[in-house]
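In the two complexes that follow, chain A is the common piece, with chain B as its partner first and chain C second.
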Partner chain A sequence: MKKTGLKWSNLYLILVFAILYIPIFYLIYYSFNEGGTMNSFTGFTWDHYKEVFSDTRLLVIVLDTLLVALLSSLIATFIGTMGALGIYYTKKRPMRNALLSVNNVLMVSPDVIIGASFLVFFTFLGIGLGFGSVLMSHVAFSIPIVVLMVLPKLKEMNDSMISAAHDLGANNWQVLSRVILPTILPGILAGYFMAFTYSLDDFAVTFFVTGNGFSTLSVEIYSRARQGVSLSINALSALMFVFALTLVIGYYFIMQHNINKKKKQRKLAEIEAVKMR
Partner chain B sequence: MTTKKSKLFYFIPYSMWILLFVIAPILLIIYQSFFDVSGHFTFANYQTYFSSGTYLQMTISSVWYAFLITLFTFLVSYPTAYLLSKTKHKQLWLLLIILPTWINLLLKAYAFIGIFSSNGNVNGFLEFIGIGSKQILFTDVSFLFVATYIEIPFMILPIFNAVEEINPSYISASTDLGANAWQTFRRVIFPLTLNGVKSGVQAVFIPSLSLFMLTRLIGGNRVITLGTAIEQHFLVTQNWGMGSTIGVVLIAAMVIIMLLTGEKKKRGRKMK
Partner chain C sequence: MPNQSIITFKDVVKEYDDQPILNHVDFEIEKGKFYTLLGPSGCGKTTILRLIAGFTDATSGEIYLDGKKVNDIPANKRKVNTVFQDYALFPHMNVFDNVAFGLSIKKMAQQKIVEKVKEVLKMVQLSGYENREISEMSGGQRQRVAIARALANEPEVLLLDEPLSALDLKLRTEMQYELRALQRRLGITFIFVTHDQEEALAMSDEIFVINKGHIVQSGTPVDIYDEPINRFVADFIGESNIVKGNMMDDYRVKFVGKEFECVDAGMRENEAVEIVLRPEDLEITAVEKGKLKVKVDTQLFRGVHYEIVCSDTDQNEWVIHSTKKAKIGAEVGLYFNPEDIHVMRFNETEEEFDARLEAYEEE
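Showing the complex of A and B:
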């Protein structure tokens, strides 16, 4: 009985994995379709990829998207790390819990609320919509992720190292740059990485604050998908899948390099904790 | 240890962020909900919302859809998470579950436009087995399917973590005391994973209220969620006051969900 039970469970898992991956591979498969539809495969072609690479408007949007992601995650990592240090140094428990709850507000809010409220906010301040507003929004919703990734590292840190550094005559700046930052560096890198992927992935918030002149990849895909099927989107999605895969593999490679096996599982758990917001 | 001054220094950019991007936008959206299209202070938005049948019906159907999405996601995810924790190389499998969340949501939605289209593969299959082709895209069924598809990983993760945290000796103890597999599951495993289920519900239900891109791309405007209504009011009809009012309702719904599924309060422990 036990053996057949195991088989059924494997079958179930295979089914779930198949459902999760079929749409993605379906997209990639038809990106090579000579015919213009996602229904019948008539022949192999690279045309749709050529189309993507000759579409200057699309390439500009890709560059803009990457620029926003790189800049916003950099700024968010900076502010978020400082915030995490601030929360760490707040020793009063109620205050600390209050800060943590406020930190999590943007993590649990639906994207639509974040987008709409930022739109009201920018309009209220008279900030024009475009690159600046998108960048600021991305920084804003990435900061809490960075804080959540850095804080556990700060908690793991041995406090006596800091006392030791102070006793040995280090000033505050030296303690920060020589002791604290190197210790929490994995957390900071993880935060940067997560902020980067969040920024790349975001659609709803950007959609609200993007205005007319500026567009990111998600917004562009949305407006193209509303017009119906065009296989250049498939080609684009295949490229993005490869990009995401490279990022994830690269990230795990770096993490594996840094930490031993037991900690690796912890790391994964942290990422999950953030991913499941 | 560290002086007060440097503490303050850490806080300057962070508290600026809290003030400007967490507190101010929420206050502004509440403020905005009291103004009509021409900028006059009014309670009319709330009046319209609570007296007109359309808005209330829309809210109820949005909550109902979110409930269905959460339920289906749960039904698929719980066994998956449980069985995953029993496999070899579970960290690798888990990584494979997470990987699709790194693919842009819109691309996944776009894939379903192809799969569900009237000449698509699902219809081809239906025709093949003799049911005949049907309108699948732009129905509520397709919306529920795609939304469930997208949310599954977010439900699996917290449940998986909860299953992993169970002390295996509890299960041995339960078996030793004569419980069969079902009793062990119902009395020991499920109650212990309840917190994971709660955070999964939280992670799925709230976003499900606001998936406006899916209602547009897959639901073909047949399904209108709170998120769709907000997007419509802000970006199409430019009635920000009404949009903000619905936003306030959505925030309220979110707070209620957070309270219901909130952190392990002791009393929520007993489970029949």
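Showing the complex of A and C:
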């Protein structure tokens, strides 16, 4: 009985992952297709990859996209973390709830509306559309994400720990940098990565606020797809997928390495302590 | 030396949301002694510690540390350290970094920090645990890390908020000895919070009994145990038999319909009072030898002694601690000495109580 149950659950998992990954692998598969379409596989070729690497416009867009994602998530993480601290330390409950609601409204409002309102806002202020406007809007929609990731960590934090730090002589800045930030670091990192991925694959907001001469990958792919998809887009997607995969695997190994190192250090110390006796 | 006291509270009031939590608290704490704040849950013990440490401000009144008014001095500038009720260790740091925290804030040289941490960890018997994570320490070990972390700063006063409440009985007794020995060795002032009266009696030089934000009585463990000022203290510190009585004259008291010789004086004639007789001071004898006649109702074996509950003809209950067994249902006599009778007046303040004691002892 138990065995079949296990099998069913395994089967279910495999099914879910298949549904999630098949489209991606399908795309990657055809990126090696000699024929120009995704209808039938006629032969193997690297041509589409060569095309990607010789398309300087596309490469610039990739770099710009990464730059916007890196910068915007960095700025948003900073502002969002401060914001979460601000909300957490707002003493009056109604005020705190109001702040939190304002944050959540931004979270759930549709991208199209946010994008459109940014467009109105930027044109009203006379700010030129391009790198700056895209960056600013990405920062703006990333902040609530960071706040939502950091706030639970702050709530989990033991308040007497902060009293303890003051008690041991730390001033406000030292309490923040040595106790609060390290404690909520997992939340901050999670917020940063969430903001990074949101920025990378945002289409709707960027579509509104980008201008002549500046584009991000999603917008570019959209405009190219309208003219009929070329397989170089497949190649690009494959590259992005591999890039993301390396990041995840790299992250995993760094974590593993840290855990092992800590264990080793402790063993050494314990051996020493035993020797001393 | 008039300014021996290291901490002074002058008429301190603390309110939360207009609710008074501490009502006009006055006390002085002398250097190098072991003090205990004892009282039921919610009576304001932690609040007093928080006021001393500077985590919260007094609504009114003055707080002095070392003769200096500290009402406006923040916690990080006070030479006082705290061991928290829940230890409040930093989970993202290992034992060494926890203990070294205060020292590294002070920008002490790394070599010195290493030495100091080693020294205090040895003091709390945790040598060699420097690289352990906090999550890998047991409750008792965590508590000792918390003490080491506070001691590393060489405070003049160490505040301990029920640090032993999470430990099992054996470890707890062990830690009581260790803490007391540590305090003697270092010669610093300890202010220890507990709601366990046995712990308070065993460890302290001086006990403050607190109830509802008032200090009801302060004194040495023996004073407080032998001469509780009122029913609350008598009940809270150890078990006691409390009955109503009348003071006939100096050194003569009447209760359960009989007159007895006692050692208390200085009260009005025929004043209504309460009488305390500790269970261990009552002795079971033959009916004709006893001062009181009672009937044995129940008996419990408590390990060290039997707890025997008797009742007299007025339906007063008498609890007796005896190493000898009694026979349930038997009529027995109770014997006690005049100095075992402790007389308490109603609504007497601590000052009045002390003044009266002094007055009649001088005679």
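Criterion: the second predicted complex is superposed on the first by the 225 of 277 C-alpha atoms of A that agree within 3 Å, B and C clash if a C-alpha of one lies under 4 Å from a C-alpha of the other, contacts with A are read in each partner's own complex, and residues count from 1 in each chain.
The criterion applied here is as follows: a contact is a pair of C-beta atoms (placed from the backbone, for glycine too) under 8 Å apart; a residue touches a chain by one contact, two chains touch by 3 or more.
Predicted, not measured: the structure shown is a model, and the values here were computed from it.
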item	value
First, second, both or neither for A:S163, with chain B first and chain C second	both
Touching partner for A:V242 - first (chain B), second (chain C), both, neither	neither
Which of chain B and chain C A:V179 touches, first, second, both or neither	second
Touching partner for A:I221 - first (chain B), second (chain C), both, neither	first
Partner chain in contact with A:A98 - chain B first, chain C second, else both or neither	neither
First, second, both or neither for A:L63, with chain B first and chain C second	neither
Dominant contact partner of chain A by residue count, chain C or chain B	B
Which of chain B and chain C A:V16 touches, first, second, both or neither	first
Shared chain A surface residues [contacts with chain B and with chain C]	163, 166, 265, 269, 272-273, 276
Residues of chain A touching chain C in the complex	158, 160-161, 163-171, 174, 178-179, 182-183, 185, 262, 265-266, 269-270, 272-274, 276
Complex contact set, residues of chain A against chain B	9, 12-13, 16-17, 19-21, 23-24, 26-27, 30, 37-40, 78-80, 82-83, 85-86, 89-90, 102-103, 105-106, 108-114, 116-121, 124, 136, 140, 143, 159, 162-163, 166, 172, 175, 197, 200-201, 203-204, 207-208, 217-218, 221-222, 225-226, 228-229, 233, 237, 240-241, 244-245, 247-248, 252, 264-265, 268-269, 271-273, 275-277
In the complex, chain B residues that touch chain A	1-3, 6-7, 10-11, 13-15, 17-18, 20-26, 28-29, 32, 76, 79-80, 83-84, 86-87, 91, 93-115, 117, 119-121, 124, 149, 152-154, 157-158, 160-161, 199-200, 202-203, 206-207, 209-210, 212-213, 216-217, 226-227, 230-231, 234-235, 240, 243-244, 247, 250-251, 254, 258
List of chain C residues in touch with chain A within their complex	50, 53-55, 74-77, 80-82, 84-86, 88-93, 101-102, 105-106, 127-133, 149-150, 153
